[in-house]
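All remarks here apply to the structure that follows.
When the chains are written out, they are named A, B, C and D in that same order, and each has its own residue count from 1.
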Amino acid sequence: SCGDSDASSGTDNGGSGDGAITMGFAQVGAESGWRTANTKSIQDTAKAEGVDLKFTDAQGKQENQIQAIRSYIQQKVDVIAFSPVVETGFDAVLQEAKAANIPVILTDRAVDADPSLYKTFLGSDFVVEGEKAGQWLVDNAADADANGDGTINVVQLEGTTGAAPAIDRAEGFADKIAADDSIEVTASQTGDFTRDGGKQVMESFLQSDDSIDVVFAHNDDMGLGAIEAIEAAGLEPGKDVKIITIDAVKDGMTALSEGKINYIVECNPLLGPQLMDLAQKVLDGEEVPARVLTEESAFTPEQAAEVLADRQY
Amino acid sequence: MTETTTRVQRVLRHPLLWPVLALVVLVLVNVVARPSFLDVRMQDGHLYGNVIDILRNSAPVMLVALGMTLVIATRGIDLSVGAIAAIAGAVACTRIVGAGDEAALTTAVMAVTYALVVCIVLGAWNGLLVSVLGIQPIIATLILMVAGRGISMAVTDGQITTVNNPFFSDLASGFVLTLPLAFLIALAVLAFTAVLTRRTALGMLIEAVGINPEASRLAGVRARTIIWTVYAFSGLCAGMAGLVIAANTNSVNANSLGLWIELDAILAVVIGGTSLAGGRFSLAGTFVGAIFIATLARTIPNIGIPSEINYLFKAIVVIAVCLLQSPRARAVFRVRRTPRPPAAGPAPTAEPAPATAGVRA
Amino acid sequence: MQTPPDVVATPEAAREPVIEMRDISITFGAVRALDGVSVRLFPGEVHALMGENGAGKSTLIKALTGVYSIDSGVITISGERHEFHSPAASQEAGISTVYQEVNLVPNLTVAENMLLGREPRRLGAINVREMNRRARRTLLHLGIDVDPRSVLDEHPIAVQQLVAIARAVDVEAKVLILDEPTSSLDADEVEKLFTVMRRLRDEGVAIVFVSHFLDQIYEIADRMTILRNGRLVEERLVSETSQLELVRLMIGRELEVLDRLDRAAPQTDAEEGTPLLTAVGLGRKNTLEATDLTLYEGEVVGIAGLLGSGRTELARLLFGADTADTGELTFRSERRKLRSPRHAIDRKIAFSSEDRKAEGVVGDLTVADNMLLALQASRGWLRPIPQATRTQLVDDYIQALDIRPADPQALMRNLSGGNQQKVLLARWLITQPEILILDEPTRGIDIGAKAQIQAKVAELAAQGMSVVFISAELEEVLRLSDRLVVMRDRRKIDERVNDDVSVRDVLETIAGEARAEEAPHD
Amino acid sequence: MSTATVSPASTWDRVRTFTPPGRYLPLIATLALFIGLFGVGGMRYDGLSDPQVLISLLIDNAFLIVLGVGMTFVILTGGIDLSVGSVVALSTMIAAKTLQMGWSPYLSIAAVLLTGTVLGLLMGLLIHYFDIQPFIATLAGLFLARGLTYLISVESISINDPTFTSLAFKTVYLGDYYVRWTAIIALATVAVAAFVLARTRFGRTVYAIGGNESSAMLMGLRVAFTKVGVYVISGFCAALAGLLFALYILSGNSLHAIGMELDAIAAVVIGGTLLTGGRGYVVGSLLGVLVLGIIKTLISFDGTLSSYWIRIITGVLLLAFVVVQRFATRRRS
């Protein structure tokens, strides 16, 4: 549905020529299992393909990321890649990179800057992820009404307030469920993307409302926390309360295959191969699309059981 | 001056009055928003309800805050508790996962013991930096705050490690005598600490060191040993908190476990009436403070405050509680024409003893 | 007893007082610190506030200068009703005050401390050069030899006290208040201070002076107001009151201890006794040159010397408060290095510091805890003192030293200066030391209590304790000690058995030594 | 003790026997260590010895330097200000939002500075007049400022105003090297603060309060004014730092600057200022910021460390620095 690409990818580059590519990669941080898998994928692929990777962990701070990018420029790397901490505010440093003739590739998250400042953006679309989740709920509305009172009461476990995935996933989800009047988000609260947060918020929701039909969690971890809370309340997750999450990390997939989660929208962290490939293309002067979507799907319990064995993360 | 008036006066002057009052008000707010808030019922052989959740969820902050109370009493501060908690969780979980029989009781016991020993060592390390090398507590513990997260990530290799051990899980979710085990653990540590400090002379010596280190040294108090012990104890408490948090979700996320718990703990300590300037401390106050923090956390989803207003709400509550607690503020707000209370003169003098110590030592 | 001031007919009654305080009352919780006290201050007069420890002198002063707000009463200044709400306000109105505890900031230089808040400025910026020059001039004027650029906490408490005085007298003030300024000064310094006070008095300044040295009061004061237990006893002219009468007014009864005082302490021939501690070549860079000293069982060794002569440093080395660079200590027959006070306490040595605020008082603890601190520390935390023993010990010493308020649960910081000193003394007596080192133990102690303490020291020595007694008051040292050590310029210059040594003798020894080394360096 | 003052020594004698006063020792030690760190890094990684790296350090940390300045005032009085990170975020948000609404950039700047200052004032009043511990009052400030940021907008807003962007990119060339205006503003702030602390009554009162607050009060100093004043200054500096940060990243975002207060406090303390108050210099805080910055730079030049090693190494470098600094300054007596 997405990936309306095709803005031409600008000029060529200084290039390295001597074979080994030096890539500077500024990661957001290591805030989740998803992110570590992402980092690992990039580091492993770089090693396998002989790319000299300069890696920095910005620990969630944009200023650290900017400083890291600036140091890559000073070190004259061949290509810079980074997952922006936030969408805005990278114009200045991207301009410096451009002036130094170093191509930039964005991964995972987009930036809100002049598209000519970077070559391409590789990553998933958070809004689409939310939409997929919402669509599934609309499609399965009949089953979802666990207590059969005619309305489907959804509680939402949001990600970190202000974070792009949280905002976009909520937006996509809301868009889709608007189609069905019986579906209503009755409570929504941040669980900070963590299991502990998800559990505590869910506990409270369960105490104050006994007509919850569906939980929509912005990531697997909060969903897993919610499962624990639901079990502690003496209910059966996946049956008494339906659960939809996003990410498809291994623990989530396991729960899904056990029927504790009902639906997971995948958000693939294994960007390494695609990134290295793009980098090579960019350095070779090939055209690359301005927007490269990661290959992602969504899983039901049955599908999860099938793919679980060879999930890498 | 009848018997009753003096008793009322005594209650009014009791240091715990205001924290308790704040807690009561907060609970009332919740009850008004949702009348079923205080309902407790039996379920699966244990109690179930908001109150029970609050007690259980208060355990980690309470544990950390107990250690923090003693550290603060010696004029210190421990920023590394969150990182130590993460290390404890990481060590225990990787041990359990790596053990032969993942679900065995001995596995859980060994893992927990191992993790706690590590935490004591880390706490002692903080104590070493503060008491022997004389590095300022905030910086000494900042080092472990930064590096500790890295260590815990190194232990788990950055992955969220999930464990399947019912005994470990019981640390957070288990019930004993229908009450949450986590809360009982915190209560036990509270009792232990109270006995340790108030039944022996330790509490008084800690306070003396916190109020006037140089005078205490000259009176023969082993300030170094005391400071060292207190940090090690704080490490131990943080470790227990980390285990409870990890057990709560049967997993450890090295990056987020115990993040910012130091602020919550310090807040709990201060709400409980212990001054950050060191000296006199109140464990009972810390207990109330921790319950307060947990209740506050529950209040937000309970009365349905939107995520983007969470902080604003917290700010207002914190300011309100502190104003309630400050005698000066109460005096200002009280509609009486009496001039300033005499205490408005020289504030309790935190003497310049450290400076003197610096020159003389 | 409660004589209203108006009844006291004085020839000056016609004169207008600069400050009049009427029926001032202040309560702290349950303690009535001041109860309807009235005081008048006349220009060009030194007015002494007299009273025992805890009588309310310092509180009265703080009520005047706006540190405490009064519960009831009226303050008039130059005929107008007025109440200050902060020390800053009183200062602006021309009241310059030296409070009882040295209230300066330790981290700034001497010059800054003297001129804080009124630094000379040029183009809006503080003129440091001018500031130092002004400070140096004032110090020189007072005969204080201190580098104005040095940081305050490098100096012993006595020097700090002088700096505080210098700060106060440096301003053009209508009223100068000195709360026990002389408590750790030696005779020389006191004389210099009096010279300045006289000059200011002659210029028409009203001076309030608090001191527990009756001699000083009789030397400098014109009028006095006597307080007892927070109440006004009487206003008197000094010239019309005998010392004995004054003491009776202050204490409210005849003071029999005073007589005992003159019966000098029993002289023991201690040299015969067992040496408890022998120091050979004890010294520390920049603070004390190598010194030999032997302490025998059952004797009082007085250490005499002028301000900064190294007495405190010697005491600190004997106690391990500072570590010695050179020298050896032998306890009975065991040769040991003292690495911390703790070591010394384990060897039954006790040391009461001259700087009670920084090195003695643990303000936020109760009187009881303060008293028991050293004993508890030496027992270790695992062995708390049993409740019964605690109560017993504390009550005994509160009574023996007449500590007021006699409430073991009172907070230490709320005690008057003199009472704090008594608690600290009790702290060490409770440990039952073999060697007791007292550095200015009578600092700020009232005359009755001083006599008590001196008697106590003599008694302890008689029981076999070895006491090192340091005091700025030479008479006191001479009266008590069996043996006398004289120090000058950070070294021992003389040691002799105290057989009727007089103050003159000691001063001559010190001066003679000075003459002897007139020519050489320094 | 009766000897008169020492006769004035000859100039040569004074030069010959010159030893820096003890109180400057921490500063000197910090500087020496910083240079050492930079030197070692320069030998290990090429490109790092480039003076531009040093200048970039100033550019990249301009906002932190300004924060450190404000924090120094507060810490010198024995207080602490936890709110600064949130105030930075709030400032970026106010700037971004007002510009988006079409305000004049100058009005927007004024609004930011005013907000920060007022927040500082409120915290100062709470602390002094209501006797609330600085840690708690400013923690409430932290929540409040962050809360206000969320209230303005949860999503990030970019800044496209031409005045802002031109200010952000304005550079001054010094030969081959360039420096941004933001860095110059930061250095100017340090200079002004150093002057205020050393040479004004306000500044000396700040030290006096840190030395002993009740003494300062009894000495008749303007304790209330000064104590509230330092929080006002800190609030103002946080707002100014927020502006610099907004220029640095040209956006407003509610997730900016989380935990930045710890960086600021760490910088101040590493710079030799005592947390108990009364001792320290703003120049030390500048050095502290540079030390933190050079540690980060060293790590990104290395580039081979994984996420967790980065944290561990940061901790170890910090430790090494603090311990060496401690020993260097302890030697004096």
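Annotations
One rule holds in what follows: contacts are C-beta pairs under 8 Å (C-beta built on N, C-alpha and C of every residue); 3 or more make two chains touch, one makes a residue touch a chain.
For each chain, UniProt lists the protein as follows: B = Sugar ABC transporter permease; C = Sugar ABC transporter ATP-binding protein; D = Sugar ABC transporter permease YjfF.
Only a predicted model underlies this, so the values are computations on that prediction, with no experimental measurement involved.
For the interfaces C-D and A-D, the C-beta contact count is higher for A-D.
Each chain's centre was taken as the mean of its CA atoms, and the one lying most distant from subunit B is C.
Separating the centre of subunit B from that of subunit C, both taken as means of CA atoms, is a distance of 43 Å.
Note: centroid distance subunit A to subunit B, computed from Cα atoms, is 35 Å.
Multi-chain contact residues of subunit B (touching two or more other chains) are listed as 153, 158, 307-308, 310, 346, 349, 351-352, 355, 359. Multi-chain contact residues of subunit A, defined as those touching 2 or more other chains: 29-30, 36, 39, 161-162.
Within subunit C, contacts with two or more other chains are made by residues 67, 105-107. Every pair of chains that touch is listed here: A-B, A-D, B-C, B-D, C-D.
Interface residues of subunit B facing subunit D in the complex, by the touch rule stated above, are 79, 129, 133-140, 142-144, 146-151, 153-154, 158, 254, 263, 266-267, 270, 275-277, 307-316, 318-319, 322-323, 326-329, 332, 346-347, 349-352, 354-355, 359, 361.
If you check the complex, the residues on subunit A that touch subunit D are 24, 27, 29-30, 36, 39, 43, 53-57, 59-64, 66-68, 70-72, 74-76, 85-92, 95, 112-113, 160-163, 167. Across the interface of their complex, subunit B is touched by residues 78, 126, 129-133, 135-137, 139-144, 146-148, 150-151, 154, 211-214, 217-218, 262, 265-266, 269-270, 274-276, 278-279, 306-316, 318-319, 322-323, 326, 330, 333 of subunit D.
Taken together, the subunit D residues at the contact with subunit A in this complex read 47, 50, 52-53, 56, 60, 63, 150, 154-159, 165, 168-169, 245, 248-260, 293, 296-297, 299-301, 303-308, 310-311. Residues 199-202, 204-205, 207-208, 211-212, 214-222, 226, 279-280, 339-342, 344-346, 348-349, 351-353, 355-356, 359-360 of subunit B are the ones that touch subunit C when the two sit in their complex.
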